[in-house]
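The structure is given below, and queries will be raised subsequently.
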Amino acid sequence: MTDTRPPAITLEEFADVTRTGLPMAYRLGLRAEAIGYGTATVRMPFDETLVRPGGTISGPALMSLTDYTMYAALMGALGRVELAVTTNLNINFLRKPAARDVLAECRIIKLGRTLCVLDVTLTSEGDDRPVAHATGTYAIPPKT
Amino acid sequence: MTDTRPPAITLEEFADVTRTGLPMAYRLGLRAEAIGYGTATVRMPFDETLVRPGGTISGPALMSLTDYTMYAALMGALGRVELAVTTNLNINFLRKPAARDVLAECRIIKLGRTLCVLDVTLTSEGDDRPVAHATGTYAIPPKT
Amino acid sequence: MTDTRPPAITLEEFADVTRTGLPMAYRLGLRAEAIGYGTATVRMPFDETLVRPGGTISGPALMSLTDYTMYAALMGALGRVELAVTTNLNINFLRKPAARDVLAECRIIKLGRTLCVLDVTLTSEGDDRPVAHATGTYAIPPKT
Amino acid sequence: MTDTRPPAITLEEFADVTRTGLPMAYRLGLRAEAIGYGTATVRMPFDETLVRPGGTISGPALMSLTDYTMYAALMGALGRVELAVTTNLNINFLRKPAARDVLAECRIIKLGRTLCVLDVTLTSEGDDRPVAHATGTYAIPPKT
């Protein structure tokens, strides 16, 4: 879904969501660099503690980045729906990431009333080839 | 796969793998409580920093636990194959976990020569109903 | 979910659902052999037209069997909810199936109000080792 | 993966693969309309026997189309690797398909030496909004 509507959340607001509510993401240093209506780009700064045997970035770090980027893209469409929760995530690990920042690009595939399906591609900075690709579903909290 | 063969790694050795090679898992306090041939049970101690909006444990923490438990079960069958890497992980989040320790139970569904498929069920301590269920595939490094 | 409540549909009723509403399943000869509350066992009779290059049963035939078995298990818990639809299906193909009937066993992992998550294991008749394993989600139609 | 290399199989050859080796796909009338290097577009003609309760096209028919389109895109990159087999397929059903032909577009996300990961989007003819989205992995047979 590419959409020209303005995003429903600013980078500053999403940073605030992170700081106040997402300690794991905050500790990983995850930082949204762009949020559009249903899209987001997030950077995970490289850090030695992310490395696992084989000199590659750990799967859990990449999954954390993936989930966080979906959350950002969803809020880009719906605003501060903090109570949205992941119901399914499927990820394929494709290549050994470099010892560099990882970038995640997310777009909404389908925004329904109660469910949202999203697509995420991860790359190492400076290299277009994906290191991982994921699809996920978020449950959207009912409006109150 | 239930198997009566002895495990190919001890709890102490796996704790050592964690301490020396898996800083994210180590920081989360993940602790294997049982490892059999192709099976593992791991505990994630409850901690306030795991909580996300809605008072639930964050998806990335549950995914980290899931991936780590698969790694333990794989080593239970193959020994210290540190270079084994996740190629696919699919997880369904089923219920809001309680503010309690989470337990993960993993078993190997199929152990092939190059790929291993595993199944993981997560529960909150003291409650049998699953909070998440996952399947994943590890690529097994070639013997050298 | 193992449950001792009686099934909400009989084998005869489910055969009727199939005959009247599921031409693809009917043509494949899929036949529920047991339906419990949230569980089902279905047989796919071997047939030369299911075979694909390599002498193995085609993935789409196995996926059809998987989806149909989930539908049966769901109706075992909820009765004739014909309008329930699959929202996600994830399948791992594990072994080359033999040129024999395939059996699918399904159980509900989580039955919610709007979503149901199920688990399916496929085996070749006479061999316990799984040829495929799947998890899926059905959306449950609202009661009217 | 967009690639300007010529496809490794022609539409005629792939139709021949279908006619001689894939009876289920042949019976569904699946027809590749374009095959590039690692890409494919396939049409599934609408037919009353594809319909399931609710007036929607059955999930198994959409899964058959998905798997077949991945097979076409893989052969677009590698030629007649008939023995390539699906190892994982994950599909999200997004919208009720219309009573019309369904079109599937596939591209390779990652072509490795032994595994290939692909992405498929399904739409109803004449409507850009996806009815389903899938990712899958094929195992590539060793060269002999």
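As written, the chain order gives the labels A, B, C and D, with residue 1 at the start of each chain.
Assume a contact is a pair of C-beta atoms (placed from the backbone, for glycine too) under 8 Å apart; a residue touches a chain by one contact, two chains touch by 3 or more.
A quick note: this is a predicted structure, and the numbers were derived from the prediction, not measured.
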item	value
Per Cα centroids, the chain farthest from subunit B	D
Which of A-D and B-D has more C-beta contact pairs	A-D
Chain copies touching (subunit C, subunit D) - same or different residues, decided at half shared	same
Separation of subunit C from subunit D, taking each centre as the mean of its C-alpha atoms, in whole Å	23
Distance between chain centroids, defined by C-alpha means - subunit B, subunit D (Å)	34
Subunit A and subunit D, separation of their C-alpha mean positions in angstrom	28
Residues of subunit D whose C-beta touches two or more other chains	87-88, 90, 92, 137
Touching residues on subunit B, where the partner in the complex is subunit A	17, 21-25, 27, 48-54, 56, 58-61, 63-64, 67-68, 82-83, 85-93, 96
Touching residues (chain side subunit A, partner subunit D) in the complex	90, 92, 94-95, 109-110, 112, 117, 119, 129-130, 133, 135, 137
Of subunit C, residues touching subunit A in the complex	87-88, 90, 114-115, 137
